[in-house]
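The two complexes that follow have chain A in common; it is paired with chain B in the first and with chain C in the second.
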Partner chain A sequence: MKYILIGLQIILSLFLPLLAIGIIRQIKAKLQNRIGPPIIQPYYNLIKLFKKNQILSHDSTWVFPLSSIINLSIVLILSFIIPWLPFNKSVFSGDIFLLIYLLALMRFFTIIGSIDTGSPFSSFSTSREVSLAVLLEPAIILALLALAVAFKTSDLFQIFNYAYSLDLIKIPVLILSASSLFLASIVEFSRCPIDDPTTHLELTMIHEAMIIENSGLNLAIVEYTYSLKLLLFYGLIAQCLTHCILIILNLNILLQSILCLLIIFSLLILTSLIESFSVKLSWHKVPDFIAYALTFSFLAVFAAIINGVSL
Partner chain B sequence: MNITDFFALGSACFGILMLGSVNLRLNLFLYSLQTIFMALATLNQSFKLVNIEMYFICIFIIALKALFIPYFLNNVLTKIDIQYDSNVMIPAPIGMHISILFLGISQLLSDKIIQSMPSIDSIGGVTAAISLLFTGILFMLLRKIAISQIIGFLTLENGIFIFGVSITKGLPLIVDLGVLLDLLVAIMIAGLFVFRIKSSFEHIDVTQLNELHEN
Partner chain C sequence: MLNPPIIVDINSLQENLKVKLKDSKLGMISSITGQELFTLILNNNEGNASLLISDIENNNTYSALTPAIPQAHWFERYLYEMFGIFPQNHPRLKSVIFNDLGIIDYPPLRSVDQNYHHNFQRDTSFLNIEGNDLYIVPVGPVHAGVIEPGHFRISCVGENIINLEIRLGFVHRGIEKRLTQIPLTSLRFYAESVSADSSSANALANALALEQMLELNVSERSKYLRTLALEIERLSMHICDLGGIATDLGFNTIAMELARLRGQVFAMGDYLTGSRYLRNYIGTGGVRKDDDQYLSKIKSLIINLKPKLTKVINFFINNQNVYQRLHNVGKLSKSLAYDFNMVGVAARASNIAYDTRLIYDQGIYPVAILKLANESDGDALARTKVRIKEIITSIALIENVLDNIPQGTTQLVNVKHLPANCIGLGIVEAFRGELIHLIFSDENGQIKRYAIKDPSFNNWTGLAISARNNLLADFPIINKSFALSYSGHDL
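Let's turn to the complex of A and B:
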């Protein structure tokens, strides 16, 4: 039974991420009164990119192709140590600190790969990415630590090990952590209020300019890595929210999984709504936006600590 | 942590988020949410103490402080045509982080208060009350527009009310109604004043009101 579940998880992590990107694009198109590409268009794009030739810059070294492959392998490890669906079983222990350091390692290799190409656009988008990451990382770390303090373990699989208990004091911690992680994910994946993922205006973009030199197979790997990381983050947020409902209601594992997938779907709808109705923030307002994520994390930590003190 | 504490601390959280925005309508909306959470804490306390008077107070709070006063101030904002409190003393997110620091300090203070008064059982309520006091004072100190001063004062008043609810067994109905009526009259007069100041000075920046203006 355990191996079937692991196999199911591998299949889902291969096919769901691109579907998520397709869903976001489709809803955005519907909101803008366009017909839009079909939901499975990202798969077609991926197949097309696999067939294409790779063009490498003359200045780039072996670091550039290696970095995207290392990122892919890190995100595949992450898909095993993050319990992003309720039936995920622990192959390794999903420690929070391992997660934090793997995310940092991933960012390091993205940066080093984009600097290696020698393109000026990559360089200045890298400097933007780093300055955002410095502000963003405390928010993600504190949100995860709040969960760890509230549940008194740093293993994500034990945190999301569902036990039906009317333990209402954990609900604020979970909701605040989830909202902090959602705000952080907007910055992390450079979605709309921070950066418009559809424009190719080099002066303003962050993520797109970092991968501007990738082509062919490399670009396919980078896009898949991006979408799987997005799905893992949303899965983590959905797990927090599912856990809130499960504290009150007792559901079996099938209903839990369906609920979790529904919450991921509604988060995708929320993302596309935000992208449709908000305008891109100017660069000096972005730290203000991250400050809100940090505030939610601080409040989550406060709620977690106050639980420990008063009981 | 019981349900009263949960709602009281939720009210404190909305107070902190209110400090993080310079959009005055959003401030009013968050103030309204904060007051509704405060009223829910009162409602829960009234069920716990089986006190019918607190139940009525809860209804009055929602009707007057959570719905009527924000609506009235919204109308004032429409008339004087101001959207943002643009020149704050320090950036709004940093003010928000400072108020989180004050939330921690108020937790320590409420620990001391609880130790000296063992009959109180809601530590979260006292924490939320002191935190809302600090938030209101910070809001009044950091902002320069007269409407912001009013919102800060209302937040401070919410803090005092939560303190009263969580450490007493409920005040008499007549006292609370008197306080609410006074508050209502004060806010209406302040709203009219803001309107008059705007029409004679053409701005409502309270730091520049000491300069004489002749018309």
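Let's turn to the complex of A and C:
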């Protein structure tokens, strides 16, 4: 049974991420009175990119193609150490600290891969990415640590084990962490209002300008990595929210899975709504936005500490 | 409209201009054959224009006007490049036409002259900026969007722009030369292709210049129909530019709505002229197509469009974040706007009350009541607001024209030849600003020189100046708020 579930998880992590991107695009198109591309358009794009030749910058070295492959490997490892679906089973043990360091390692390789191309666009977007990362990482780390404190374990599979005693006081920690992670994900994935993923303007880009030199297979890998990472983050948020509901309601594993997927889906809708009706923030205002995520993290930590005291 | 030309000595031209420009505006400086310099001065208070002609004797050089009159700087670059006339002491004689070789074989607009020798070189350099923490971002000439080619070189300290240099001339087509070589019957087709997004304004300027030369009178009905074409074009392009700003702000919903509504304006143009971009409509003596049944269709379209468009625009401009993104971005002060001869939207946003529709005879202006769209801040927000005001006046004008259009003939006149040694001037407020067509005929009634000054020719400098000290990430918005034409500059 365990192996069937692991197999199912691998299949889902191969096919769901691009579907998530397709769903965001389709909802956005509908909100903007457009017909929009079909939901499975990202798959077509991926197939197209696999067929295309790769063009490398003359200034780039072996670091550039390697970085995207390393990032892909890291994100695949992440998909096993993050319990992003209810039936996820721990294949190898990993905890919050491994998750945090793997995320940092991913960022490191994205950055050196981007600098390696020698393109001016990559350079300035890298500097933007790094300045945001410095501000953003505390928010993510604190949100995860709040969970660890509240549940007295740093193993994510222990936190989201669907078997702990019902206790209402954990709800604020879960909701605050989820909110913080969602705000952080907007910055982490360069979505509106931080960065416009559909823009063609090189000068305003953060994430898109970092990967501007990627093409062909490399770009396919980068895009898949991006979408899987997005899904993992949303899965993590969905786990927090699912557990809030599970504290009140008792559901079997099938309903749990459906609930979790529904929450991921509503997060996608929320993202597209924000992207349709928000204006990209001025670069000076981005730290303010991250401050909201950080505030939620702090509140989550407080809630977790109060939780610990009351026990 | 055009006073008889005055001969002015080249050495006293600078003094003369200094006095004249106190209460008038510099229209353009160029040359006819390369032997002389002409200066068009627009006396906006009297509503006429005067032409100063100065001979250049001294080995194709003269003392540059730019040090005293900054408005002249781009004209003198153009003069050097196209006529091989060397303005001495010009602060920076940078090339306006892109040419990799850097050598002028023969100045393209200069009339053939065996005795002409020169050793002028093209200056294609960029301003060098050196220091720590500085980096240079080259953008273009091929851009990610479907726009025309132009190269921007942005020198930055961190995220701040300290200098922007613009290189244009990638789409130089030699249109001014070509206009003197083609038969008069196809003149208007070439004239309106100067800048395809303001084709009706260019066609109108061409028609006005030719009508002035031929001393033709145009029927009232044609004037109304021409105004209609001009305003439909303005409406269409302002909606497009507003949508462009919304796209650059990441406000895609508004951009899509505006694109959809612009389709209705295209339909109006299609009904009026048979072309969504109003091509091949305005000609010498009248307009090509006139059908009452289509006018009623345009009427129903504009009535349908007005409430929808106002709703979308209000939603856009009242958004707090839009205000934050546009306010104080790309500021151009009134004095700089004056010094660099800004026209059109950019000038009006910097509180220069200048709209040629209020001064010069074109269409039913200046008789038709028109509210000047003025803003005082000179930033991207002000330029956006000027556009919005002009959208509203354009809609009102279109309704006005459709309600009051008189009966009459609109027949085009077939121009076979022009009067000898004659000058025709057409000034039109295109949606970007003041557009000038100036035609000189020779002793055989052929066109000797067809000089065009597109509004973008003035305003590119404004873009370069206003981008300074702004965020690099805000440059696309500043660029879009000016919305300049590459082909209009490159000719």
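One rule holds in what follows: the second predicted complex is superposed on the first by the 309 of 311 C-alpha atoms of A that agree within 3 Å, B and C clash if a C-alpha of one lies under 4 Å from a C-alpha of the other, contacts with A are read in each partner's own complex, and residues count from 1 in each chain.
We adopt the following convention: contacts are C-beta pairs under 8 Å (C-beta built on N, C-alpha and C of every residue); 3 or more make two chains touch, one makes a residue touch a chain.
Treat the numbers as computed from the prediction; the structure is a model and nothing was measured.
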Just chain B (first), just chain C (second), both, or neither: which does A:282 touch?
second
Taking the superposition on A as described, I'd like to know which of chain B and chain C A:121 touches: first, second, both or neither.
second
Of chain B and chain C, the chain that contacts the larger number of chain A residues:
C
Let me test your reading of the model: by the given contact rule, A:204 touches which partner, first (chain B), second (chain C), both or neither?
second
With both complexes overlaid on chain A, does A:302 touch chain B (first), chain C (second), both or neither?
first
Need the overlap of the two footprints on chain A, from chain B and from chain C, as residue ranges.
none
Per the touch rule, the chain A residues reaching chain C in their complex are 28, 31-34, 120-121, 123-124, 128, 192-193, 196, 198-204, 275-285
Which residues of chain B touch chain A in their complex?
1, 3, 6, 9-10, 13, 16-17, 20, 91-94, 96-97, 100, 103-104, 107, 123-124, 127
Chain A touches which residues of chain C in the complex?
135-139, 143-145, 154, 156, 159, 247-253, 256-257, 260, 319, 321-322, 324-325, 471-476
Of all residues in chain A, which touch chain B in the complex?
168-169, 172, 287-288, 291-292, 294-295, 298-299, 302-303, 306-307, 309-311
